[in-house]
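Encoded as structure tokens, here's the structure I'll be asking about.
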Amino acid sequence: MLPETNHHPEFQITRASHVSLGVTDLEASRDFYRDVVGLVVTEETDDVIYLRGLEEAAHHSLVLERSEVAKAHRVGLRVRSADDIVAAEKHFKAANIEYQRVERDHQGPTLQFRDPVGTLMEFTSEMDVVERKMQNFNEFVAGAPQRLDHYQVVTYDVKTATEFWTGLGMRISEYTAAGDDDELWGTWMEVKGNTHDLVFTNGRGPRLHHFAFAVPDGQSLLHAADVAGALGKGDEIDRGPGRHGISNALFLYLRDPDQHRVELFNTHYQFIDLETPPIRWDVTNPRRAQLWGMPASNRWFFEASEFPGEGVNEPLLKATPETLEAYLGLH
Amino acid sequence: MLPETNHHPEFQITRASHVSLGVTDLEASRDFYRDVVGLVVTEETDDVIYLRGLEEAAHHSLVLERSEVAKAHRVGLRVRSADDIVAAEKHFKAANIEYQRVERDHQGPTLQFRDPVGTLMEFTSEMDVVERKMQNFNEFVAGAPQRLDHYQVVTYDVKTATEFWTGLGMRISEYTAAGDDDELWGTWMEVKGNTHDLVFTNGRGPRLHHFAFAVPDGQSLLHAADVAGALGKGDEIDRGPGRHGISNALFLYLRDPDQHRVELFNTHYQFIDLETPPIRWDVTNPRRAQLWGMPASNRWFFEASEFPGEGVNEPLLKATPETLEAYLGLH
Amino acid sequence: MLPETNHHPEFQITRASHVSLGVTDLEASRDFYRDVVGLVVTEETDDVIYLRGLEEAAHHSLVLERSEVAKAHRVGLRVRSADDIVAAEKHFKAANIEYQRVERDHQGPTLQFRDPVGTLMEFTSEMDVVERKMQNFNEFVAGAPQRLDHYQVVTYDVKTATEFWTGLGMRISEYTAAGDDDELWGTWMEVKGNTHDLVFTNGRGPRLHHFAFAVPDGQSLLHAADVAGALGKGDEIDRGPGRHGISNALFLYLRDPDQHRVELFNTHYQFIDLETPPIRWDVTNPRRAQLWGMPASNRWFFEASEFPGEGVNEPLLKATPETLEAYLGLH
Amino acid sequence: MLPETNHHPEFQITRASHVSLGVTDLEASRDFYRDVVGLVVTEETDDVIYLRGLEEAAHHSLVLERSEVAKAHRVGLRVRSADDIVAAEKHFKAANIEYQRVERDHQGPTLQFRDPVGTLMEFTSEMDVVERKMQNFNEFVAGAPQRLDHYQVVTYDVKTATEFWTGLGMRISEYTAAGDDDELWGTWMEVKGNTHDLVFTNGRGPRLHHFAFAVPDGQSLLHAADVAGALGKGDEIDRGPGRHGISNALFLYLRDPDQHRVELFNTHYQFIDLETPPIRWDVTNPRRAQLWGMPASNRWFFEASEFPGEGVNEPLLKATPETLEAYLGLH
């Protein structure tokens, strides 16, 4: 059974907002995200670099933090207003979720917490406003990423994660399931009216599988791949270009110098009307993963970024060899 | 002064939903929207044809109604649920807005009304669910329009129209204005988190200037133009391809056999965060209309579809010859 | 009657090679061709700047020469080898064509001459070889022009020009004609196996109407237009994007700071087989000029670059008002 | 040492012309090439179906012949005129190449022969002229293939094959080689002024690796892949989309119902000038095979179509395990 979505929580999550990554070579990572991906550098300090997509008016959607080890530091979501931050605190207190107010440069009120499966999250309600660069076409580089769109997290317990987030107002647009019991292997959840803002898939977790930026069109994916090749990063594409069955995304996945994974993608569909049911994909259907072409590399399937201070747990759902083979598209 | 947006009306408008056009040659119009634009025909009766975009799960976003005269019959918006229809009735009663419940095939509860500037509108909260065709790529034709996106209405009184719709929860993303008093010449208003769902511009009105479908990419606009040319409809492009300064849309406008106007466009930007201010364009700035290329044809500027039973009023704001010249891009 | 092509002249013209422009502000012109068009600067001296397309291994395809007046200095074609230069001299001598050997930096043997309608041309058989940049995708800018493709010259006598050039081995792929006598209004002639290398159209001449660079795809035209807009050159597009009936080119025309015109275009078709007849377009058929969309601006129709030392003659063929109206697409 | 090209043979090969395939299910193959690839069916008989690209004026570029076994029947090239056929006969006679005149429907004089490495070829100088469909944009389907472009043949002896074809006037644009002796592993040879018309690569041969159609742009490759997926043929993509280092082609490879391989590709560069040297790629350089992304499938590397009546020979050049690993991109 799919968890039901509660559409009227006390606070409103509005979108994926920003991700903070620990990186071991700050300059190399900046160069990668600026030159190979095409993000705009908003601000640099000795230890932190802030980047954003070309259309974004918010100060940052990607934060690179100089670090000894390469981990995914935090995954950020926006809530509507400062009142929603207060309401979230109240809600977490009642629900026994550990949280704390934190100060973040260039952000308004910010609440940090771990969800029940150990994902390090933060909510914020505001950011410094900077210039939208969407009409500075002469500054478009590589994939010309316009905005942060969504996250995918590997979790050992998709069901628990999904119940938590639908309880906060997220709605399931698509999901993968196995067997007659509809065991949940993955859920694509949204708040902003298209296919996904937060995705959980079954595996060793919690680990951040990828964060995704929307690009203008399929041509931008091809150009990003070409630029990656020209800059000697062609091997850092660990999947794509291809088309997912799930969510209909045209995708390209790249690994950064610390092997964090970023997706460039296109062609979400709209998902607003309440009468539209979520789409179910059987986990053994290889078309869920790609409508065409070769299966993903093993790197794509099995590697992801850990969160600091969180152990990684074996998934509660175990694949049979047959399921695994089908899952990987080895047909 | 821009009207303020009330973000918490008693009901929630969620998106542009469907437009109904009176057409004098039903088959010719169907052929145009199916073959030149690329919409999917959901259902045909003797007097009505229902069409939708490729990704739409809702039964129709365009309704063609056989008619003696070619007028824009109605412009439809979605509200969240049947409760919102009830709340809207209550709101309209209190506000002295004339309305009525109507029965529409394939729609849930539906409320018809005229806004204060005479636009014929309807709200509905539900439609019959049909198959999304977004992965039937072999059925993609011409512009491959994915979904209805927004409307543009010519009105004699932008200020009044804008106050009404922001009062119902719409938010201004961009606007054109003149002079130190910021006389409103046009407002781009949204509910679904990107640049516009409903636009009012100054002129003889009320008249429907166009309705717009989102296409996957710029290449789709070029292909739609090529297909129009191949089918002998090349002259029915009355503007574009081009790029608006306002809203950053890459656009192509076509006239149907009754000279109703449909826009195919791409590349909205996201507009969700409350701290982001609307963008002001001076009405004399030709870049608001196109970032590049030749100005629109006079047909585009001065022709639009009337609503049945509504007289057309001269605009309250009159352009000086200088303003008009700048407005039309005659520089 | 169309002139016949002599396929076995004593020498072989192989392609459009380079154009030399007199420009009044050398730096402004360089910035335009590098930043708005996207050409690569091969070399700069105080008075001359050499540019090329991204895939070109030849030293230059565009030469900007600092000049008091803005004229089209020369239009260059390649011949197969140094032997062909010698054979061309011999041919011109016999045919009473005035010519001279000239020294040009970075070029092999070079022969300068005027064709019978006064076009300043030069043949060369070799250039310095430089790096092809076609896989330096990170350096692609604006339209990402790959190579010089063809020229269009306005002439007062299309018939004479065509007889001369077909006599040198050029083949007519398409032409515009009027009346039962098939008066020649324009000829599209080729040597490299696709639609055109050299075009003559009827009008006040000789004047260089434009030179054209091939771009990878339609998306590149849209991006070039966007970049022009972003750099404040959006008004310098005097036609397009559009699709010519003739030659099937998807095109965008831009004016440089001296109002020389450059075309970016895509989608030639192959024209090799001898049994394929040229395509005739009636000069009054507006589809010859564009398959769709609005007619060209008057600037496009009536403005072009003069050659130094050559008077401009009124065309031998005069348009009736009706023909002119149809020609301009004013329907 | 690379063989030298003799640029003035007694006859002139002008382009790749047509390929004839033996297919075991004629209707299934027709559906594949028409619906998944996007070719135009020119003519059908009980046992033969003729297809062509959208811009082609020649009657056929692909011939499907009903057959018990699925082999590559013939690979066709065009020569300039009927005189060239006569000259070729004379040349083959002198060179002890076995040949015969054959009658082919819709073709002019046709000469069939085997090259020294056993490739079944035919020359023809003319075909029936049919309508170019390049402006019938409403009939564009899937990849919208415009024209046949080139062939790739697997041969046991690249050196011998290359010497033969350069002796007939083909010119090497790029090649792969190993070691200080420059052992030839592959040669890309052209006659029509861009990168390749005929390619030989080292392996068990003779076998036809693929034939290739040019498509308008990268977007067409993505759409072809999407259409393949929608029609249940997504698994028949055995490589791509990707970018070859060699020839700079953006490619997609599909297998037809008999596992013959067709390539859709874009972005040749021009290769005309004599002073431009061929590009050498070391066979161990994985960038020769793809500038970015994952290596080809083993299917792509090791499967190809045999020719009837020709045994398959082991390659003369043997790969060391290290070379093989590098060659396959397993790094």
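Letters A, B, C and D mark the chains as written, and numbering starts fresh at 1 in each.
We adopt the following convention: a contact is a pair of C-beta atoms (placed from the backbone, for glycine too) under 8 Å apart; a residue touches a chain by one contact, two chains touch by 3 or more.
Quick caveat, the model's predicted, so the values are computed rather than measured.
S.K.: Walk from subunit B over to subunit D along touching chains and report the minimum step count.
M.R.: 1
S.K.: Please identify which chain has its centre, taken as the mean of its CA atoms, farthest from the centre of subunit D.
M.R.: B
S.K.: Tell me which of A-D and C-D has more C-beta pairs in contact.
M.R.: Pair with the higher count of C-beta contacts: C-D.
S.K.: Determine the centre-to-centre distance between subunit C and subunit D, using the mean Cα coordinates as centres, and give it in whole Å.
M.R.: For subunit C versus subunit D, the centre distance works out to 32 Å.
S.K.: Could you put a whole-Å number on the gap between the CA centroids of subunit A and subunit D?
M.R.: The answer is 42 Å.
S.K.: For subunit C, write out the residues touching at least two other chains, lowest number first.
M.R.: Subunit C, residues with two or more chain partners: 135, 217-219, 226, 229-230, 291.
S.K.: Can you tell me which positions in subunit C touch subunit D when the two form their complex?
M.R.: Touching subunit D: residues 14-15, 55-58, 78, 80-81, 108, 126-127, 129, 132, 134-135, 146-147, 192-193, 216-219, 245, 248, 266-267, 269-270, 272-277, 291 of subunit C.
S.K.: Over in the complex, which subunit B residues touch subunit C? Could you list them?
M.R.: Residue positions touching the partner: 217-219, 222, 225-226, 228-230, 233-235, 237-243, 250, 287, 290-294, 297, 331.
S.K.: Where on subunit A is subunit C touching in the complex?
M.R.: 35, 135-142, 217, 219, 223, 226-227, 229-231
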